[in-house]
Amino acid sequence: MTSHQEQRFLCETEEEIMFYDTDCGGVVHNLAYLRMVEKCRTRLAASLGFELREMGETGLFPVVVRTEADYRKPARLADVLVVRGWLAEWGKARFWCEFEVYRGEELLLTARQALALVQMPEGKVQRLKPLENEGPV
Amino acid sequence: MTSHQEQRFLCETEEEIMFYDTDCGGVVHNLAYLRMVEKCRTRLAASLGFELREMGETGLFPVVVRTEADYRKPARLADVLVVRGWLAEWGKARFWCEFEVYRGEELLLTARQALALVQMPEGKVQRLKPLENEGPV
Amino acid sequence: MTSHQEQRFLCETEEEIMFYDTDCGGVVHNLAYLRMVEKCRTRLAASLGFELREMGETGLFPVVVRTEADYRKPARLADVLVVRGWLAEWGKARFWCEFEVYRGEELLLTARQALALVQMPEGKVQRLKPLENEGPV
Amino acid sequence: MTSHQEQRFLCETEEEIMFYDTDCGGVVHNLAYLRMVEKCRTRLAASLGFELREMGETGLFPVVVRTEADYRKPARLADVLVVRGWLAEWGKARFWCEFEVYRGEELLLTARQALALVQMPEGKVQRLKPLENEGPV
């Protein structure tokens, strides 16, 4: 994980755990956390210039090419979680985002995702332009 | 509900209840049944001539315009359910499908959905052609 | 639908349409709206005294026994929707909630759900106590 | 990835891509593949002695502690995918499962998951017993 001082384009989203997030083990299902990460990443991508509305129109999407997630502690119904996401690396063909999910001070999940820029519907991978705005540090 | 003798284009799908179908109440979540109904309806629509692959290419989709669902008894982890779907009514602008979800002999859910034929991405509703094949009665 | 003057315990939630809400028809999938309605209903239930955290502990849940939904107009990626939910009827064994989903002034979906109070894991339906607080009108 | 000769307890599941698996980019959403992997893993776990029905009763669950997924090629509406899962490693505290998702001969996704055995609702991690049955090689 990137040290907190280097978290660029930091984005935070908040989630209240609903029934549909949980399973009969009594805790949040592993897929539900990734849906929450997805919302945070979409907001993060917007701060990098990938606006949802434009994507829908241009067909140029940041596409997840790798996901890593470590499940540390379970969340439960009614918990309020904060998802923190930031840009960790910006390369020529892909960029990496990192995420931490907290309940208060407790770290429940860490995750990393690599994304590539893809022109749909052809599915052609585009080169990334250099990042101009270095963003808030 | 249509009587069983009149169930045309009958389609059955089977589902084994997974963790992601359940919630922390210990039973299947109300949305999960509708995802199962959706799979049955897609197969039913194929038997009416709406093939998934063609839809993806022509952009002509049967779109749900109304859903009714009655939840009668809960299903649980590892249950094997059978979803029965059939055509109940074929009109000029919409058609109705009906569904029953069973665990063995037990009826757990009944549902009805009205669908219209829509040309995407414009979203224009198309007239339904008369059904030629009357299907198995 | 109940007239707006009679909307008791009115609750509003906001949703930004993410990729996972849409399907390859280019619009929001019919199940995704119901997940949004679910969040609004959970907040509405809290205002009626059914707190999520208590439910998790007592095992006494408001359970959906009937859903009706009318899909009027499609939502798209990046749309910001408002879900309005209110109590429409409070009976002895079940209560009805009604919902409207708006994009700005446009009404996209209306829905109604009947709920019963169920003691889990036995699944026994409980009688509803009279509502004392008449709520904001 | 483990070589194919060493794939123990091999399990295969089949999935037909439905609308709810896709998003408005025109391809299968990254979370949907993980739901498919989940079904394969549940069947795989059953072949390792973790039967779904018993889990629901004993509260002893194999819980995902790490997920890695590499998205190689996109799937589309109506594709029929095969998910292959097998046991890659059986340790003292966790075991690893590996997965490949194919459309015909084309490899679309590879994934690995580490699981620990957890007693719910306390959330206490249990030691794994040695695997007796070496399974089909």
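Chains: A, B, C and D, in written order; residue numbering restarts at 1 for each.
Assume a residue touches a chain if its C-beta (ideal position, glycine included) is under 8 Å from a C-beta of that chain, and two chains touch if they have at least 3 such contacts.
All values derive from a computational prediction rather than experimental measurement.
Between the chain pairs A-D and A-B, more C-beta pairs are in contact across A-D.
The chain pair from B-C, A-C or C-D that repeats the B-D interface, sharing more than half of its contact pairs by residue number, is A-C. Rounded to whole angstrom units, the spacing between the C-alpha centres of chain A and chain B is 34. Rounded to whole angstrom, the centroid-to-centroid distance between chain A and chain C, based on C-alpha atoms, equals 28 Å. Separating the CA-averaged centres of chain A and chain D is a span of 22 Å. Chain contacts: chain C has residues 19-20, 24-27, 31, 35, 38, 56, 76-77 touching two or more partner chains. Residues 16-20, 35, 38-39, 42, 51-53, 55-56, 76-78 of chain C are the ones touching chain A in the complex.
By the touch criterion given at the top, residues 19-20, 22-27, 29, 31, 76-77 of chain C touch chain D in their complex.
Put simply, chain B touches chain C in their complex at residues 24-27, 30-31, 34-35, 38, 56, 59, 61, 63-71, 73-74, 120-121, 123.
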